[in-house]
Every structure is written in structure tokens, then in C-alpha cells.
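What follows is a pair of complexes built around subunit A, which joins subunit B in one and subunit C in the other.
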Partner chain A sequence: MPQVIIDGKKYQFEGQPGLLQFCLDHGIELPHFCYHPSMSIPANCRQCLVDIGAPARDRASGEIQVNEDGEPVIQYFPKLQTSCSHVIADGQVIHTARTSEKVKDAQCDTLEFLLINHPLDCPICDQAGHCPLQIQAYKYGPEGSRFEFKKVHKPKKVKLGPRVVLDAERCINCTRCVRFTDEISKSGQLTIIERGVKNYPITPPGVSFDEPYSMNVIDICPVGALTSVDFRFQARIWEMASTPSITTTNAKGSNCYLWVRDNLVLRITPRDNPDVNEFWLPDEDRLTYQRFNEDRPAGPSVDQNTEQTSWDTSFQRVVDLLGHHGQNMLFIGSAYATVEDNWMLLQLAEAVGGQVAGFIPHVDIGHGDGWLRTDDRTPNGQGCERLGIPPLDLPLWRARIESGEFDAMYVLEDDPVASGLCSLESLVDMDVILHYYNTTNQTLPATRVALPAAMVAETIGTYVNESGRAQRVVPAKVIKGTNRTLMMQMGLSRADRHGTPFDRWHNESHYINCKPSWEIIPILLEKLGVRDVPKGPRKMMNHLSEANPAFLGATYEAMGLGGVQLSSMEMEVMG
Partner chain B sequence: MTKAGDWKSYQRVLLPPVKNLHHLNIYRDQGGYEALRRVLSEKSPQDVIGEMKRSGLRGRGGAGFPTGLKWSFMPPVDPDKPRYLCCNADESEPGTFKDRQLMEYNPHLLFEGILIACYAMSMRACYLYVRGEYASWITLMEQELSKAYEAKLVGENMMGTQQHMDIIIHKGAGAYICGEETSLMESLEGKRAYPRIKPPFPAQSGIWGAPTTINNVETLACAPLIMERGGGWFAGIGAEKNPGPLLYGISGHVNRPGVYEYPTGMLITDLLEIAGGMRGGKKLKALVPGGASVPVLRADMIDGVTMDIESLKESGSMLGTAGMLFLDEDTDMVAFLRRVARFYHHESCGQCTPCREGTGWMENLITRIDDGEGNLRDLDLLLDLCDQMEGRTVCALADAAAWPVRNTINRFRDDFERRCRPSSWAVNA
Partner chain C sequence: MADFIRNPVVRLPDPDPEPHFSSDELNFTSDEKDRISAWVRQYPTSDGAVMWTLWLAQEKFGFLPPEVLQLVATELGLPYAQVYGVATFYTQYYKEKKGAFVLDVCTCFSCQFTGGYDILAYLEEKLKVKRGHTSPCGRFTVQEAECLGACGSAPMMQVNNGPYAHHLTPEKIDTLIQAMETGQPLPFVSITLPQDEDEMGDNRRSDADAIESYQTPPQSKRTQ
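Right, the complex of A and B next:
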């Protein structure tokens, strides 16, 4: 197998890997700014320079020349090469800053150049703390600056579009953002204008940077030049803790991080997953974080009364209603809820002799773009169908409900009124039990018992995306009440394990009085006298992964942070 | 006897002394387009390239790469893939103005050279990328080119053969960087003129990804002469390793600045004499022999130096484009360098960090020295910056910006030190 020697150590390789990516893959850090693995290589930042040599060959015979010790004679390139644009070949010898003074000096020189016109406003910059320029300047840069002149001044606050603001002075012209709009989102809405040191990216005249993926440029910007209109100056990076999660805006299940401070979700950024969303996230997935913080319920309510209702009284009322209506109760699952929640609903319906009719589909034809946005606006439609819960035919069921066929309705984490399943008037004579997220839920005025449910940021559970990939989520913030499963997971799930000292998640600030549906329903089942209900979502999925072929192998261990691809449903029918 | 031989009896061939030679009929009266006719009917493309190699012609755009060798780098013809010739007429280096004369006074020689090159490399189209400031000569060339089309010298079934070649004149928009071959191609494709990383070289992937050869105006204009009189004749003119006629663009403090055609390998002192000597009888102080980016020579360094690649390299400079700038004894070298640095600062495209940031910093430092505010340590910093920029960018603009700074400071250090205040930093004892 061909091999290269990097800093004196031999590495084997296959194919024609780029040197920079090869080094990064093997844990050899090389400073860089413009390189991004999914975009073209302009080699314009000149930060990743390395010294490269190759075995010298005899001109006449083509044989590799060897010295007295039998070692090949290494001939070095006359100039330092950018590792991002260099393709490795057999026998090459590469020196990084660790073994070459020349490379070390060159990298230091480039950083000195980058910093001369870069404003040193790190204390007020949103990027500070996770800024590649800041980090690499400390690691590889010069001690001070020899620049004694006025820095170049450029536009300071340019609103490129509705969601992205540019500070042109901070820009180091890596062109990542321009390449993103050219090569990845293909909107072509950004370009570089001016020349030389006055360069900066901007939209062409008359164009607004409003494409549905615009906020990705904020993540790939290696400095704080591009910032989010929404998140600008809201929090310092070290005050928040990030938790790996997935977005629930659509059926793609893009992987993301939820950034939380004091139990408030402050922003959502993409998490790399080559099988789902690579490095990207649509804007609509990011801007939904407020629904985790705002309009959340104060607690359970019976007959619209929250103040004098405890969880116990509301559970008792639900059990009474279940016993009273039994078979004549309409159970409705939810494509917003996890697989575990829906499975528990199936158990509950079975326990009282009823059936889960289906889930309310939320399909917005034409919304999808074949990439990270889908027509289906729910995260778990596929999970429901795999459990045997079909999408409801809305006109048909609307007619049945309005004809007064049912005396009662049990709705899991959805809004039948707003989604058009039934009108508020038709529910007046029905006993409605509702698991809900936000107080904006339009079905609330008709509920007999309303139970606040934990949202994706607060729960543990599994979602199955449109292509049959099962992905689990972990809690990013704490809810009121004692749930040992959630509390233990909170201590483990964050990227920095226990949260930052600035994130007071263990204080009781911003606790939401809600419970995950997988906790609520087993309590009801117990009160109904059902035994052997699996306790906790992990055990539920363990059970499902063995008992239900549609979830074969989808244990929490197998899913990990990247998810697991389930076999397609058609094949199981045939098998 | 100099390398240039008996230059006093030299007969001009690139710019022959014929009135109104730019008119097609007059050019044809002088035997124009006969070389092309003979090439098309008698010679194979390999013969043409062989003749070019024999001539020893080296590119006149500044880098001096052997032209015949460059032409032979083109990959074998692939019927599914177009291939292009590109003529670089984006002449914008300060002190260089020779291509302009060819385009103004002998455009058909250029067209004929382009068509011969197209035939030699089996190309059907040539893009002639002219800097936009040459507006009146572009108009003139467009007129003459349409006459050549009417006369069936170019285009479909040209000269009664099965050949079909086109020449497309493209106007640049006035950026120095577009003279760099790969950024010229980017510009031609309608993109921002950022130089490309090499490899791949233009011969593999040039204009629109197709194999491309790019040559300077003067280089292509030599092709008809070589075809007409043979590579041996050409190789016999001027310096042995860098033969042929050469357009010397002489400017600065001389009595008769202008473009002069002489063989390569002329003594610099002879050329100064040809240009009428220094203005006002002043003494020569410095010479920039090949356009603003090449290292400047002190007056005491030019004795016996001839204008060819080897001799100038030995003397510590470069032939470049042979745009010679003579500076007299009253010249303020700091002000001179300030102007040069300002040019490169203004023209850096801003793609690569060292050039984008370094050119501006250099101008700042030199301006400060010129304004009498500089310190001695600024000179060392300037030399440091040259090291930090040179050879670390995609194209050679950073090199072109660093060379004059380094060499002007090194070769006229006294002039700079006189203008500096003593360093405010303590000298380490």
C-alpha cells in the first residue's frame, strides 16, 4: 500500500486523498481557514502551508535515487505548498510546523498578515470563543503586531438579507460563504466585490440574501464577519451548553445542536451527519427554538383550571374518563411525538378496548426542495406508520367527529382544531384529553383534561425520518418534577457533559411544568391496573427493536448520535 | 562585436518602416498572409511546431518560456473537446507598452501569427484579450479583422481550404491581474479575475476547462516571420539563447522615449544611446530593465550587460517585457518605490492573504518613509515583508510586488536611510 511520511511518521493511504483532509483525519492539526471538506478548494488563505518532498528520480532511468544508507533521496518543492490543494503521492515526505521552522515561520507570517486589518474586537464579537482565527492566532500566530498604521475600514453593519448581517471589516476573504451559495445551495446570492484589501462579500445590487439556507454561512464563516440577525449579541459562546439533537421542523430529521443557557434554548446549529444533512441546516429549522421557551403551559388543567390542578388530580380525572368512555373514545396518535410516546398510546387504547385511529398529517405540498426541507412538516410520520398508526383522512374523520359519533377523544401532542381535523364547536359535547406543547394550541378551550407534554428539547425518544432513519434525542434542558431517567441523561448528554458554569440549568429557573408522554401514559396504565409496562424509553425501544420487525435493531446503543437506518417497510410486508 | 551583432544595419521585421501597414491591402502588398498560405498548404502542424522549436523563440510576455515547447504541450486532439488559443494583450505592467505598437501598426501580423498557431495546435478559435484602455486600437483591430473575414483570410473555408478558424476580440475591464494567464481566463469566462491554482496548467484545463495555450502578442507576431524565413534565420538574430527581434519600450528620463525594434542582446548602453541619451545631460542613476516588477539596476551595474535573459539574470535582474525605465541622478528612489508599491497595492486582486495584506502594508511603510516619518527599522520590516510574501501565493503578483521593494532598498539603501529617523528601538548590546 502506498505511504507518506508526515513529521517523520509513516502513514498508509488509499486512492488520492488531499493532504489537509488526510492530516485532519489522522489527528494531525493543520491551521486553515478557506478549506471546507464539501466545497471547492481555492487555496486563498495560504494558512495551511507545508513543506513537501518527493523521492528524487534519475532522469534517464526513472529509478528512485538512493543515498549511501540505501534511503531514497528526497527532493523538496522549491516553495512551500498549500496542503489543502495538494494530492498525496506515494513516498512523499511532509513537514508541518511541528518539524519545520520554515513552515512554522510561514504560518506565523500568514497569521500576522491576516490580523493586521482584522479588528481586534474579540471582547464584543459573537465568534469569540469558537473562532478559528482567534484559536489559530493564539496557537500559531505572532506574539504581537508590527503594524503601526490605520486599519482598512469597510462597511460595519450590512444587512445582507433578513437573517444574516455582515461586518465586512472582520472578513478575511476566505470566500467560504460565496462558495456555499455557488456550490452548495446554488442560489448565487453572494459575491466578492472591490479589489485587494478592500474586498468583501455582498449580494449583487437589488438582491437580498434570503435563500432558505442562508444561515449556514454564519456557521462556516471562520471569523465573526457573518452573524445571525436573530442571535447577534444574545449570548457568549461559553455561557451556553450544547446538546446534540435533531430538528423536528420536517421529516428530514436534520442533526443539530441545541444551545441552552439557564434552561432556555437560544439557538440551533447544524451537527455533521454525512448520512442525513452533512454540515447544513435550513433556516426554518433554526428559527423554531422560541417555541421551546415561550407560550409554555404552567401545568396540567382540568376543565380549564390550572391553578387548582395537580398532576395527580388530572391523572385521576383521565382514568375516570377512560373508564367511562372506554371503547367509544377516539385515540389520535402524533407525528410530532416520539416512537415511544405513540407506542404507549397504542398500549393505552388497547387497555381500554379502543383503537388508535391514526395521526393527523401535516403535509404542505410544494414546501419540500428535495434536500433538507420536506413536504411533511412533522418529524415522525414514518415512525407512526411503522407502529401501524396510519395518517388520518382529514375530510372523512372531520365528518365522523362532527356527526357526534364519538363521546370522547384522546389526542397525543397535536392540535386537532388548528390542523382542521375538527372545529372547536364540534368538541363542546365531547370529553377531550390533550397532550400539548404550547398554550397557543387552539384545541385547549375544548379540553376536559390538558396535559403539558415535554418537547424534543426536554425528552428522550426516537424519531424516524422520511427515509427510515431512526434517531434518538436526549434532553437539553430540565423540566419541573422528578424524572430520574431525564435527570441522569441530562448529566451525560451535553457536549461538555455538565454544562458551563454560566449555565444555571440545575437552578429552578425556566423549568417547564410538563412531563414526557412516555411518563404520563404508563402512570395511567398502572392506575388502570395494567401490569408489565416497560419503564422508561430505553426499555421501550429495546422491546420494540425485538418485537416489531419495523424497528429491528433500533436500540439506543445502536442509534448512538448518528442514528440507524431501518429496513424499508415494503420489504417486511413481502417477507 | 556584441551579441546583437551589427545592430546598426538591422532591418526591422516586426514593425517594418512601411506607411499604413495596418491596412489589409498594404499588408498583403508586402507579402502578408503568404506565410499562412504556405503553412496551410505545405506544412503539417508538427512541422510548424518543429520550426518554432528550431527558432529558439522564448515568450515575450515576461516569463521567457520557450514557445515551441509550450505549443508541444497540448494534449492529443479529442474531437469531442474544443481547444483554444488565447492571446494575452492585457498589457498593463508599468513601463511596458510594446504590444500596443504591434496592435496599432501591424495588427495583421498578429492575426497571421494567431492563425498559424491555431493551425499548429489544431485549434478553431482564438480569444484575443485586450486591455480595455486600448480602446482606439481595439476599434482599429476590429475593423481590420472584419476586412480579413471579408477577404476569407479567417473564418470558414479560410484561404480556400477546409480550415475554419475564428478570432474573437475581448475587451478587458482594466485590472492588472487579468494579465496573469489563469485569471485572464477566469475574466474571459465572465468570472471574478482570481488566478487559478496550478496544476492543472492551461494546456490541460484552460478556458472553460478546455486545453488552452496562451501566448503574448509579440510572441505570436514572431510566428509568421519564422514560417516565412525559417527557424534558422530567427535563431541567428541576437543573443544565442534568447534570439529574435525584440521590441524595447524605452521610457524615463531619456531624450527620445519610445518603442525600438532591435535584436535581443543589445548592450544597455547602446540602447541608451539610441534613445538619445539622458535628458538634460544628466547622469544615469538607475534602470528598471523589464517592467516595474523586475529588480532595479544601479548605474554602476549595467556596464557590459546585454538585454537578454541570461545576461540580465547574471547582473541581478530580469528581462521581463524589455520595458526599460531609465532614471536620472535627480530621481528620488523612495518616491519611485512609493509609486511602484502603490501600484501593486491598488492592483492586488485580494485572493491570497500575503499579497492582499502585504502590498498595503508595504505601501504604508514606504509612504511613511517618503513623508519623513519613517524609522530605520521600517527598512528591515519591509525586507521581512518581502520574505513573507514571496512564493507564498497562488500567482506571481506577490513576487512582482516584493522584488522591486527588496532590490530598490538593497541597492539604494543610502537613499532610504537618509530619509529615515534613527530607530526608536534600542539596539541590543
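Right, the complex of A and C next:
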């Protein structure tokens, strides 16, 4: 197998790997700015320079020349090479800054040039703390500045579009954003204008940077030149905890991080998953973070009364209603809820002799783009269908509900009124039990019992995306009350997990009084006298992964952070 | 550039400029379209032809406001942003309206040494226009330019991205401006390249006789 020697150590390789990516894959750090694995390689930041040599060959015979010790004679390139654009060949010898003074000096000098016109506003810059330029300037850069002249002043806080702000002074012209719009999102809305010290990226006159994937350029920007209109100056990076999760805006289930401070979700950024969303996240997925924080319920309510209602009294009322209506209750699952929650609803319906009619579909034809946005605006339609819960035919069921066929309705984490399943008037004579997320839920005025449900940021659970990939989430923020299962799954880096009321980040006012549906329904089942209900989502999925062939292998261990691909449903039917 | 060093401020281009041309004016004739498609055919992708097409558009419309860049982008099937980026990179593409004669006076090293700034100041005074601006009559734009690659015949200037005027003196400027104002062709001055000297009997300057105002030895030092 061909091999290369990097810093004196031999590495074997296959095919024609790029040197920079090869080094990164093998844990050899090389500073770089413009290189991004999914885009073309312009090699314009000049930061990843390395010294490359190859065995010298005799011109006449083509034999590799050897010295007295029998070692091949290495001929080095006359100048340093950019490792991002260099394709490794057999026998090459590569020196990084660790073994070559020349490379070290070159990288230091490149950084000095990059920093000449870079403003020294790290203390107020959103990128500070996770800024490649800042990190690499510390690691590889010069100690001080020798530049005694006026720095070039370029336009600041330019609103490129509705969601992205440009600070041109901070830009180092790596062209990642321009290449993103040219090669990945293909909107072609950005370009670098002017030249020399005057250049910076911007949209042409009359064009707004409003494409549905525009905020990805904020993530790939290696400096703080592109920032989010929404998140600008909201929090320092080290004050937040990031928790791996998935987005629930559509059926793609793109992987993301939820960034939490003071128990509030402040932003959502993409998490690499080559099988789902690679490095990217559509803007619609990022801008939904406010619904985790705002309009959240104060607690459970019975007969519209929240103040005097405890969880216990509301559970008792639900059990009474279930016992009273029994079979005549309409159970509605939810494509917003997890697989575990929906499965528990199936158990509940079975316990009282009823049936889950289906889930309310939220399909917006034409919204999808074949990439990371889908027509289906719910995260778990596929999970419901795999459980045997079909999408409801809205006009049909609307007619049935309004004809007064049902006395009661049990709705899991959805909004029947807003989604057009029924009108508020038709619910007047019905006993409605609702698991809900936000106080903006339009069905709330008609509820007999309203139970606040934990959202994706607060719960543990499994979602199945449109291509049948089962992915699990862990809680990113704390809810009121003690739930050992949730606490155990909380990320270890969470400041507020280890905090006490005396710590400045501790803020109990942002704890939402809600419970995951997989906690609520087993309590109801127990009160109804059902035994052997699996406790906790992990056990539920373990049970499902064995009992239901549509979830074969979807245990928490198998799903990990990247998810697991389930076999397609058609095959299940055929098998 | 000197002004920029003293006051290094890069301004934001007008994000929403008023269009200069109506949509009726904004089109290429079929002849022009043929020329453009001939250029496109020379390259693997159509962005190879963007500079040719911009040049054609500048000759046709006089300058390249955003709506003309948009027209070029549509014609070539390229992103408007890309065409805009190319047009702003080159100073030879005029992004705003210029005078009928654009005088690029070189003030880079060799020209500066031999009086480039004097020439620039003389032009400013004669045409009553500040560098970087267009004269009130709308005929002349005077600009500072970086090295135009004619150090051997400094000080020099370029007229309308085309002919060079070499070995400038105030008198020579007067003649040039006279010719421009009366619409005569500019006086042609041929400059020899060093590699041709042997064929010309060591005479470095073919127009040696024509120069009266300031004399340099017509003979190269090698023969002395």
C-alpha cells in the first residue's frame, strides 16, 4: 500500500486523498481557513502551507536515487505548498509546522498579513471563543503587531438579507460564503467585490441575501464577518451549553445543536451527519428556537383553571373522563410527538377499549425543495405510520366530529382547531384532553384538561424522518419537577445541571412546568390499573425494537447520535 | 492610492441605485448576440466570456450600471453576483458614468519620479476638475492610475482604456486636449521596445525628432 511520511511518521493511504483532509482525518492539526470538505478548493487563505518532498529519481533510468545509507534522496518543492490543494502521492515526505521552521515562519507570516486589517474587536465579537482566526492566531500567529498605520475601514453592520449581517472589516476573504451560494445552495447571491485591501463579500445592488439556506454562511465563516440578525450580541459562546438534537420543523430530521443559556434556547446550529444533512441546516429550522422559550404554559389546567390545578388533580380528572367515555373517546396521535409518546397513546387507547384514529397531517405541498426542506412540516409522520397510526383524512373526520359522533377527544401534542380538524364551536359539548406545547394553541379554550407536554428540547425520544431514519434526542434544557430519566440524559457539560441557586447562571424562572407524554400516559395507565407498562423511553424503544418489525434494531444504543436507518415499510408488508 | 492610504475608507456601494437605462434600451442586438455566443463557444463554460461581454456592454452603454451587469448576466446565463464581482475587480470597467475622455494619469513609481503628479495637477488645473471626477462640461474625467506598464516612457497617461500618451509635458498635454476638444485623432507617438534597439541603429526613440520640449540623449549609452 502506498505510504507518506508526515512529520517523520509513516501513514498508509488509498486512492488520491487531499493532504489537508488526510491530516485532519488522522488527527494531525493543520491551520486553515478557506478549506471546507464539501466545497471546491481555491487555496486562497495560504494558511495550510507545508513543506513537501518526493524521492528523487534518476532522469535516465527512472530509478529512485538512494544515499550512502540506502535511504531515498528526498527532493523538496522549491516553495511551500498549500496542503488543501495537494494530492498525496506515494513516498512523499511532508513537514508541517511541527518539524519545519520554514513552515512555522510561513504560517506565522500569513497570519500576520491576515491580521493587518483585522479589527481588534474580539471582546464584542460573536465569533470570539470559537473563532478559527482567533484560535490559530494564538497557536501559530505572531506575538504582537508591527503594523503602525491606519487599518482599512470597510462597511460594518451591513444587512445582507433578512437574516445575515456582514461586518466587512472582519472578513479575511476566504470565499467560503461565496462558494456556498455558488456550489451548495446554488443561489449565487454573494460575490467578492473590489480587490486588494478593499475587497469583501456582498450581494450585488438590488439583491437581498434571502435564500432559504442563507444562515449556513454564518457557521462556515471562519471569522465574525457574517453574523446572525437574530443571535447577534445575544450571548457569548462559553456561556452556552450545546446539546446534540434534531430539528422538528420538517420531516428531514436534520441534525442540530441546541444552544442553551439560563435554560433558554438561544440558537440552533447544524450538526454534521453525512447521512442526513451533511453540514447544513435550512433557515426555517434555526428560527424556531423561540417556541421553546416563549408562550410556554404555566402548568396543567382543569376546566381552564391553571392556578389551583396540580398534576395529580389533572391526572385524576383525565382518568375519570377516560373511565366515563371509554370507547366513545376519539384518540388522536401526533406527528410532532416522539415514537414513545405515540406508542404510549396506543396503549392508553387500548386500555380503555378505544382506538387511535390517526394523526393530523401537516403537509404543505410545494414547500419542500428535495434537499433539507420537506412538504411534510412534522418530524415524525413516518414514526406514527410505523406504529400503525395513519394520517387523518381531515374533511372526513371534520364531518364526523361536527356531527357529534364523539363525546370526548384525547389529543396528543397537536392543535386540532388550528390545523382545521374541527372548529372550536364543535368542541363545546366535548370533553377535550390535550397535550400541548405552547399557550398559542387554539384548541386550549375548549379543553377540559390541558397537560403541558415537553418539547423536543426537553424530552428524550425517537423521531423517524421521511426516509426512515430513526434518531433520538436528549434533553437540552431542564423542566420543572424531578425526572430522573431526564436528568441522567442531560449533557454533562451543562452548567445549570451542576449549578446551585447561588450561581449566577441559575435561573429557575425559565423552568417550564411540563412533562414528557411518555411520563404522563404511564401514570394514567397505572391509575387505570394497567400493569407492566414499560418505564422510561429507553425501555419503550427496547420493547418496540423487538416487538414491532417496523422498528427493528432501533434501540437507544444503536441510534447513538447519528441515528439508525430502518428497513422500509413496504418491505415489512411484503415480509 | 495615495488618498486611500491617508484615509483608508471603503464605502458601501449604493444597495438600491436608480436605474440609468430603461428596459427598452437594455438589450443586445442580434449582431452583438452573435459575437457574444462566438466568445462563449471559445471556452468550456460561459463565464470565460464574461470579460469580453462586459467590454462590449461598456462600449455600447458607455458604462456599467447594475442593470447593464444584470443584462450581461442574463445573456451569459451566469449569476448576477458573479458578473458584478468581475466588473468591480477591474478599474477599466466603469461602474459609474464617466466623461467622453477618461484620462488615466499614471502616478506609480517611475511616473511619480519623472513628474506624474505634476502632469496630474496640470490636468486638474487646465480642465478645472478634481482627480477622480468629471469636468463640468462632461467631456473629461481625470483619474489617478497605478502602473500602466510604460515606465520606459514615463510620465504617461492612458486615454479611454486605449491609446497611451508617453513622455508627457504640459505642452504635449495642451496638444492632446486640443485634439480631443476638436475631435481630431490623437497625435500618435511610437515607442520602441529595448529588444528592437539593435535594428534601429541604437536609436532608442523613433520619435526623437518630434520631441522638442525636453531632450533626452537619443543615443543609448552603449555606443558612447
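The rule is short, and it goes like this: the second predicted complex is superposed on the first by the 557 of 575 C-alpha atoms of A that agree within 3 Å, B and C clash if a C-alpha of one lies under 4 Å from a C-alpha of the other, contacts with A are read in each partner's own complex, and residues count from 1 in each chain.
By definition in this document, a contact is a pair of C-beta atoms (placed from the backbone, for glycine too) under 8 Å apart; a residue touches a chain by one contact, two chains touch by 3 or more.
These numbers come from a predicted model, not from an experiment.
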When subunit B and subunit C are modelled together on subunit A, clash or fit: clash
Partner chain(s) touched by A:Ala168 [first = subunit B, second = subunit C, both, neither]: second
First, second, both or neither for A:Asp109, with subunit B first and subunit C second: first
Subunit B versus subunit C as contact partner of A:His153, first or second or both or neither: second
Contacts of A:Thr191 with subunit B and subunit C, given as first, second, both or neither: both
Touching partner for A:Pro549 - first (subunit B), second (subunit C), both, neither: neither
First (subunit B), second (subunit C), both or neither touched by A:Lys79: first
Partner chain(s) touched by A:Gly388 [first = subunit B, second = subunit C, both, neither]: neither
First, second, both or neither for A:Gly206, with subunit B first and subunit C second: second
Against subunit C, colliding segment of subunit B, chosen among 45-53, 243-251, 369-377 or 405-413: 243-251
Contact residues common to both interfaces of subunit A (with subunit B and with subunit C): 149, 152, 191-192, 194-195, 197-198
Residues on subunit A engaged by subunit B in the complex (per definition of touch): 41-47, 49, 78-80, 82, 85, 106, 109-110, 112-114, 116-117, 146-147, 149, 152, 172-173, 191-192, 194-199
In the complex with subunit A, residue positions of subunit C that touch it: 4-5, 7-17, 66, 69, 78-85, 88-89
Interfacial residue positions of subunit B with respect to subunit A in the complex: 175, 192, 194, 197, 345-354, 356-361, 364, 368, 381, 387-388, 391-394
Subunit A residues touching subunit C - in the complex, by the definition given at the top: 149-155, 158, 168, 178, 181-182, 188-195, 197-198, 200, 202-207
